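First chain A sits with chain B, and in the next complex the same chain sits with chain C.
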Partner chain A sequence: MRKGFRVVPIFLLMGFLASTALAGEPTEAIQKTTDKIIAIVTDPALKGPAKSEEKAKLIRQAVDERFDWEEMSRRTLARHWQDRTDAQKKEFMVLFAELLEATYLDKVEGYSGEKVIYEGERSDGEYAVVAVKIVTQKETEIPVKYRMKKIKNEWRVYDISITGVSLINNYRKQFNSIITRSSFDSLMEKLEAKVKREE
Partner chain B sequence: MGVEPKYVVFLLMGVLSGFLFSGGVYAAPSPVLDLDHHSLIHETDARESWGDEVPGTEQPKGGSTGSPVLLCQVAGQVGMEEDSEAWEGGGASIPDPLEPVNRAFFQFNDKLYFWILKPVGQGYAKVVPQPARVSIRNFFSNLVMPIRAISCLLQGKMEGVGIEVLRFVVNTTAGFAGFQDVARQHLDLPLQDEDLGQVFAFWGIGPGFYIDLPFLGPSSLRGTVGWAGQLYLNPLDYMVEDVWANIGVRSYDLVNRSSLRIGEYESLKRAALDPYVSLRDAYYQYRIHQIEK
Partner chain C sequence: MKKFDLELAVGVFMILGIVCLGYLSIKLGKMEVLGGEGYEIQAVFSNSGGLKAGSSVVIAGVEVGRVKEVALEDYRARVVLHLPSHLKIQEDAIASVKTKGLIGEKYLEITPGGADKIIPPEGRIRDTQSPVDLEELISSYVFGKL
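And then the complex of A and B:
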């Protein structure tokens, strides 16, 4: 038994070496942003309700650098995208980005020492999928996949799926349902109301 | 016990099948029954779903004008909205001919959660510390091993059967009657998340349509039949035969599990513009993810 325990760290180390060897640019990009966000969330100087706005701002900045809001917006609206004027597209992008940021903040704020394990990536030069596993304190494992696209030499996230549920697909269903039942304007109204309430 | 809850389920099945055969729900070709098509969506790389969204590939919407009245109409009309969504690429939808009923049950479950399950779960969580609740969850999960093992077997996943049996032996002994998941922690034998619904999917049976079951939450016709079948595989039903004691044990399991998941539903609701559609799609995408594994 005692011997077994000594073997474990060596395996961990080997696993770590293997994963860093496999990790390419997309994984590095995700890792950089994740580390940055964990550092913000766990920063003792940013604790407490007085600092929550500052903390949110810092997280938003980190997310902004990595997420591609335009790509996300286009994919979410799908066939409704090309019917929009440039002004409408821009307006939608701003609101949708705010909603996604709020959603992301909501998920990240409850951070309590979950471990993030990088499980590898698949890439064809222009597009990539980075697989991550989040291990919670409640002994559950949450598989997360980041879908990324290389834009101007930077890897940007355009979709996140959590336990197989793609965020963009989920919003696409909702938005399509709202647009086909009423109108794009009503979607915008709802988005605006939602974003306001989140603040 | 065992008998009475099953009767309730069969009654439900009866109502559903009655609806099925009278309403001609299947008259419209359903995009969702084609499972092979779906496996593409999640397995393929990023580029695949892109193609469908390139400008210019928009398809005519046919008779579906998107009028809200149309979409709420009877069974014969359903499927249109689903069809138009299927064109988007990156994920078809599950047909939802019972949407008005489902929305009502969604509201019912929403209230059930916020008025009863959540406060009870929170109160319970104050008394029982988290590690203990995790252990209790492990215990119940260990108990229903036959459901997972048989579901693996029926899909020919022999390695899964082996893992489940081994897990049961290890966790029941070294894991103190299943309270500790030592098989996962020390032997790297993870729980095989298989159920009868996934078996039916493996056999090529489509999900049918979406059902938001009162008390039980999101499911499909296929999932509901699987759930009913599992009542026969659940050792709990043979161990606790008294109806009320059985319901009591099940309720306790539910409260314990919910106490570990408080906040998940809230966060879905906070993020959603239409929580009903969001939950329906999340259920569907999650099931595809489980089935593909």
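And then the complex of A and C:
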């Protein structure tokens, strides 16, 4: 009898721990943004080419809420970030965000009922990794990991890995090689050209 | 008298040989223990892809240190790196496991970051990238085609 009483709280505690480990604040944050974007993309009122501008704007807003462009830009430019003036940093942040938008927006808009499965998270103080699996209609699974940091009490994304390849690491290497080969200005020119082409 | 000279020469030769062997084994085997200056940091990977103790740690293609230990921790691979003390690794550096060539040996590459904060000795590289599994890529491609 007494033993049974002692076991119950332990189970309760374990259940509590398990639930916090599975869906903590970072996962909730990702889930909120994902649901929001899916709602925008599947909204019948926003269908058609006439509304595409408005749709893109709404998606951009939802993404901006969750992604920390400054942190991402700083991590992408890495060593070269400190050498830049404030104006250059700002200019780069805007361009980098535009580049990602131009590259990925049509992929988001091409949403066709993919399922998003939350596979848990690992947090360590102000940092967290949220693992997500995207299942396409052909049952292909794409593992995605969001790396997040708590900034001003809000969980913000600073890196995404898709099938194990980090976005920041990819651009960090490319930008580093462009800057060391030529200059920061030529990187900005290339970025501008690329953004224009994608649009 | 002549016999004594011969024995002496053989003895000296033997001792020289043993010294050489000792030097070689230290040089080859315990490089990092003798060059003990430096510090250790950790990186945790979801998959170490066959990284071994002794694998090289590389920044921009230059070998800067060695992997000291690879161990399982909470079903993930914890890799301990030994780096020279003059080398500073920023907090936002990214560690990734790479392969030399297509089927070559594995090594660990660090892409330096831009943060002001430096990882202290016994600290940990937070952002890691496991090796891309070719087999998985091919299979997802194959099944994706179905």
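Observations
Here, the second predicted complex is superposed on the first by the 178 of 199 C-alpha atoms of A that agree within 3 Å, B and C clash if a C-alpha of one lies under 4 Å from a C-alpha of the other, contacts with A are read in each partner's own complex, and residues count from 1 in each chain.
Note that in this section a residue touches a chain if its C-beta (ideal position, glycine included) is under 8 Å from a C-beta of that chain, and two chains touch if they have at least 3 such contacts.
Small disclaimer: the values here were computed from a predicted structure and weren't measured.
If you put the two complexes together on chain A, you find that chain B and chain C bump into each other. Within the superposed three-chain model, A:74 lies in touch with chain B and with chain C [touch as defined at top]. In the superposed model, A:99 makes contact with chain B only, not with chain C. Shared-chain residue A:107: touches chain B; no touch with chain C.
More residues of chain A lie in contact with B than with the other chain of the pair chain B and chain C.
By the touch criterion defined above, A:191 lies against chain B but remains apart from chain C after alignment on the C-alpha atoms of chain A. In the superposition on chain A, A:172 makes contact with both chain B and chain C.
Touch criterion met: A:82 reaches chain B and chain C at once. Contacts of A:42 after superposition on the shared chain: neither chain B nor chain C is touched.
When both structures are laid over each other on chain A, chain C collides with chain B only at 27-35; the other stretches in 9-17, 27-35 or 243-251 stay clear. Comparing the two complexes, residues 74-75, 78-79, 81-82, 124, 127, 138-139, 141, 147, 161, 163-166, 168-169, 172-173, 176 of chain A contact chain B in one case and chain C in the other. Chain B contributes residues 42, 45-47, 50, 52-53, 55-58, 64, 66, 68, 71, 81, 84-85, 87-91, 93, 130, 134, 138, 181, 184, 190, 260, 263, 267, 270-274, 277-278, 280-282, 285-286, 288-290, 292 to its touches with chain A in the complex. Remark: chain C residues 90, 92, 94, 96, 111-115, 126-127, 129-133, 136-137, 140, 143-144, 146 touch chain A in the complex.
Within the complex, the chain A residues that touch chain C are 74-75, 77-82, 124, 127, 136, 138-141, 147, 159, 161, 163-166, 168-169, 172-173, 176.
By the touch criterion stated above, chain A contacts chain B in their complex at residues 74-75, 78-79, 81-82, 99, 102-103, 106-107, 110, 122, 124, 126-129, 137-139, 141, 147-149, 161, 163-166, 168-182, 187, 190-191, 194, 198.
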